[in-house]
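Below: a set of structures, written as structure tokens.
Each of the next two complexes has chain A plus one other chain: chain B in the first, chain C in the second.
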Partner chain A sequence: MSAIHLVNIIKSYDGKTKVVEDINVEIQEGEFFVLVGPSGCGKSTMLRMIAGLEDITEGDLFINGNKATSLLPHERNLSMVFQNYALYPHMTVEKNITFGLYKQKLSKSEQKKRCDEAAEMLGLTPYLQRKPKALSGGQRQRVALARAIVTQSPICLMDEPLSNLDAKLRTKMRSELRQLQRLLGITMVYVTHDQTEAMTMADRMMILNHGQIQQVGKPLEIYNQPNNEFVATFIGAPPMNVANMKVIDHTCVLSDHITIPLPHDVDPTASYAKIGVRAEDITLASENDYLFTGEIVNVEILGTETLLTFAIDEKNQWLAKLNGQWDIQIGEKVPLSIESHHIHLFDEHGQTMFQSKKKAVSSYQVKDALPKEKLL
Partner chain B sequence: MKRKINKKRITRSSFGAGMLYLLPSILLFGIFLFYPMFKTLYLSLFWTDTQGNPVQYVGLENFMYLFESPSFMTSIKATLLFVLYTVPVGIVLALILALLANENVKGIGFFRTMFSSTIGMSVAASSVIWMLMYNPAIGIFNKILSAIHLPELQWLLDPDYALISVAISTIWMNTGFSFLILLGGLQNIDERLYENARIAGVGTWYKLRNITLPMLSPTLFFVVTVSIIGAFQSFGQIDILTGGGPMESTNVIVYAIYKDAFINYDVGLASAQAVLLFFCILFVTILQFKIGERRVHYQ
Partner chain C sequence: MIPFKKISLYALLIFFTIVMMFPIVYAFLISFMQSGEVLEGNLWPSEFNFSNYQKAFEQVPLFKYLTNSFVVSITVTIGQLIVSSLAAYAFVFIPFKGRDIIFFLFISTMMIPWEATMIPNFFTVQNLGWLNSYAGLTIPFFALAFGTFLLRQHFKTIPKELHEAAQVSGVGRFRFFFHIVLPVSKSSLITLAIYSFLTTWNMYLWPLLITNDEKVRTVQIGIKQLQSQEVASEWGIVMAAVVIIIIPTLLLLYMSQKRLQKGLTQGAIK
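Then we have the complex of A and B:
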């Protein structure tokens, strides 16, 4: 049974413009589901509709199979973590964590027990008697998490919970949050504008733009088979390289000197308007796969990889990502190659017309490739 | 060496620039606040002639006289009662109105304007209106009383009711200000705190006690302090409504000062009362800050 089921959900504030349009999605029990999109895409509105903090203009919401469209927030049996944590500054950490627990008809000792457990889990025990003001950003974040955990609600909603933390702590909390969710087995609906967070944390994710679903699926599926140009350029860092092109003689012509042959399984008669190539699919050419020469305008060396920026025409630049460290100078002319089955083709509306299937290497494939004795 | 001199010059010139910036307020405060304050302190130690010129140094005799004067004791009692009548009721009323006006419903702007409108009325003008309403013959209060078959009252002429009547009109006059400040404080409270409470499902009363009031405490503290000081210093409405009567029942200290200085021409005695009032307000304010500090939650 799905934990949360949204059926034809529409949200409109003024009755004319729709902020969220016709959303249909099922979120499974115990799933880490991420809503991701640029700011103003309606992802927070959707979360708040699930929470009951915003009315649903049209459509139905089911929680654990029961209709919840017009239930009050506290009748939905869920917890929520806010972006700014929404801690009560005048209460101690302990009071903050146990806030509202009395509504669940729990005795004082039971409240205390749950609070201690949650605090233990999140390493807050030494701070229980402090006020939020005396905590660091990361600790406050944990208090907000603890407050969601103590309710023992099966569903937890999170509205950009990590966006107020610094980059290092954010990376750490990503992994912690994910482990915590697995440990407790709760269904998590997580809103973020950060595609890295979505990619790294989600079991499944939904990409929203202008209030419309762009794609729902597992992170890698979405990365490898984006539905359209928006998803292709939104997911992935650096974003997918996209350029306008024409198909002439079974070849994509990007500019005077850049042409990429179409893969043989592509229907050459369909209308293609744009080509997309992931940065890691552009490689340094060897003698037999040389395709074009790129004049390098910028080089970023990150230690494990090297990012090359080169111009494809007067206005547009593409990025190539090479593994390892490459000593390439700005202004250098570098021979580049793209394997034709790595390209994505879009029509003039940005809908994906062609892309080849690509899958992650599974662990047994790795095992097969190794001699048996090395695995032991 | 050279550097040191330069540094000194910079310090001196920046001190001059600082003083220049301060000059307007220093001038205003000096002429209208500090000078009169010290002059009052000085005069309170003298017998004065009818022009207010010091005639003879008498030390603390003016103060000794005041502490033995039954009229001054009545003044103190009236002042304290006046503070007691106006401040708590006024703030609770303004708080209730602010809580109502903080709800987001259609047309709330109209009510917000109405509730804060008394801020735009001068004390003199509103006092005249209230005087008409208190009028025993044509006032609306007695009309209402007689309409529901209750005995009519001599609102401003009965020593038992005069102070309460003045207090009621004062509460009305102060509501707009307190309301506006409290509404501002309420709107500053993070909406997420209430949303979290909605998800937890706590009741309205619990929210008021555990979120609204603590979060509003700095604002409330400000309003209480300003209201108390304001109540101690009320003058206009008393001058217009009762003139300190009947039987000195509304003769609060500020009014007594005014009478002693400008009707009885005893400036020395009036100054002594002003000094006592000053220390009284100072004491209450310090006390408030001492107590308040423990109860107020600044974010």
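Then we have the complex of A and C:
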């Protein structure tokens, strides 16, 4: 049974323009479900509709199989974590955590027990008697989390909870959050504008743009088989390289000097307007597979990888991502290659017309992998 | 060398301080003078004794008046705090149709001078049979547009996520009001309390209208009575009474000056 089921959900504030349109999705029990999209795409509105903080204009919402479209927020048996944490400034951490519990008619000792458990789990025990203003950003974040898990609601909604933290702490909290969710078996609906967060945390994710679903699926599926140009360029860092092109004689012609042959299994008569290539699929060419020359305009060295920026025509630049460290100078001319089955082809509306199936490699598919039985 | 600008600035400040303070200080000095001395125009009393203070308490029931004033001021303060905060809560946290229009109507009553509504108020109070009672002195002042406005501005600074978090965890409206909104708005509430107390304490016209004996009459009317009791006013005694009744005002102002300034401007800008 699905924990949350949205059926034809529409949201409109003025009755004319739809902020969120025709949303149909089932979120499974215990799933970490991420809503991701650029700002203003309607992801927060959707979350707030699930929470009951925003009316649903049309459509139905089911929580645990029961119709919840017009239930009050607290009748939906869920917890929520806000971007700015929404801690009560005049209460101690302990009171903040237990304040919402009185509705559940728990005894004082039970409340204390739950609070201590949650605090223990999140490492807040030494701070229980402090006020929120005496805590660091990361600690406040944890208090907000503790407040959500202490209710023991089966569903937890999170609205960009990590965006106020610095980059390092965010990475750490990402992993902690994920582990916590798995440990407690909560169904999590998580809103973010950060595709890295979505990719790294989600069991499944939904990409929204202009209030419409672009794609729903597992992170790698979405990365490898984006439905359209928007998803292709939104997911992945750096984003997928896209350029206008024409197909002439079974070859994609991007500009005078850049041409990429079409894969054999592509129907050359269909109308293709754009080509997309992931940065890591552009490689340094050897003599056999040389396709074109890139004049390097920028080099970013990250230690584990090297990012090369080169111009494909006067206006557009592409990125190539090479593994490892490369001593390449700006202005240098570099031979580049793209394997033709790595390309994505889009029509003039940005819909995907062709892409090959690519799958993550399991550790046992590695050639000469150590057999499972020999593991210590 | 001290710059000329600074000297002139301080000279000016001192001058105006004297102008401002003179009436109060002179009233204080007169309160020690015998009646003859006042008329001679003396600035300094010949001797300091408390005979005028004693007489003030003897000639009119000053103590009773003081008690009345305290009862009335404290009741009005509490009443205004309760009514204003509840009204402000509704205007901020409960969405309903025409909320903004009602609020602006509410606020626009601040532009109608109190004296203009005095006559209808008087008849209402008379018909309710509240003349010469604490009820008549206090209840008409419970609803205060200014107080509602002040608190609304502060409540609006409370992040809406606090309200939403409370909604999600099932915290009821009154619980949210008492446990979150009021404690968070402490400074504005104190500002309003001080403002209410001082305005009520200094009220003159209304108590004069609706009281007719010492049972509930407030201290401001008491002074007037002291002044007009005899043909030639005993200025020393009147001033002694004045000094007594401004003491609570001064104390309150002194203790709360910083907070009053902060609170009055705080909500307005944000």
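In this section, the second predicted complex is superposed on the first by the 366 of 376 C-alpha atoms of A that agree within 3 Å, B and C clash if a C-alpha of one lies under 4 Å from a C-alpha of the other, contacts with A are read in each partner's own complex, and residues count from 1 in each chain.
Everything below uses one rule, namely that contacts are C-beta pairs under 8 Å (C-beta built on N, C-alpha and C of every residue); 3 or more make two chains touch, one makes a residue touch a chain.
Bear in mind that the values here come from a model prediction, so they are computed numbers and not experimental data.
Considered on the superposed chain A, chain B and chain C are sterically incompatible, since they clash. In the superposed pair of complexes, A:13 makes contact with neither chain B nor chain C. Using the contact criterion defined above for the overlaid structures, shared-chain residue A:99 touches chain B and also reaches chain C. Of the two partner chains, neither chain B nor chain C is touched by A:290.
Once the two complexes are overlaid on the shared chain, A:80 sits against chain B and chain C alike. Shared-chain residue A:51: touches chain B and chain C both. Touched by chain B in one complex and by chain C in the other are residues 51-53, 72-74, 78-80, 82, 84, 86, 88-90, 99-103, 147, 151 of chain A. By the touch rule above, chain C contacts chain A in their complex via residues 159, 161-162, 164-171, 175, 179-180, 183-184. Those residues of chain A lying in contact with chain C across their complex are 51-53, 72-74, 78-80, 82-86, 88-90, 99-103, 147, 151. Contacts from chain A toward chain B in the complex involve residues 51-53, 72-75, 78-80, 82, 84, 86, 88-91, 99-103, 133, 147, 151. Touching chain A in their complex are the following residues of chain B: 190, 192-193, 195-202, 210-211, 214-215, 217, 297, 299.
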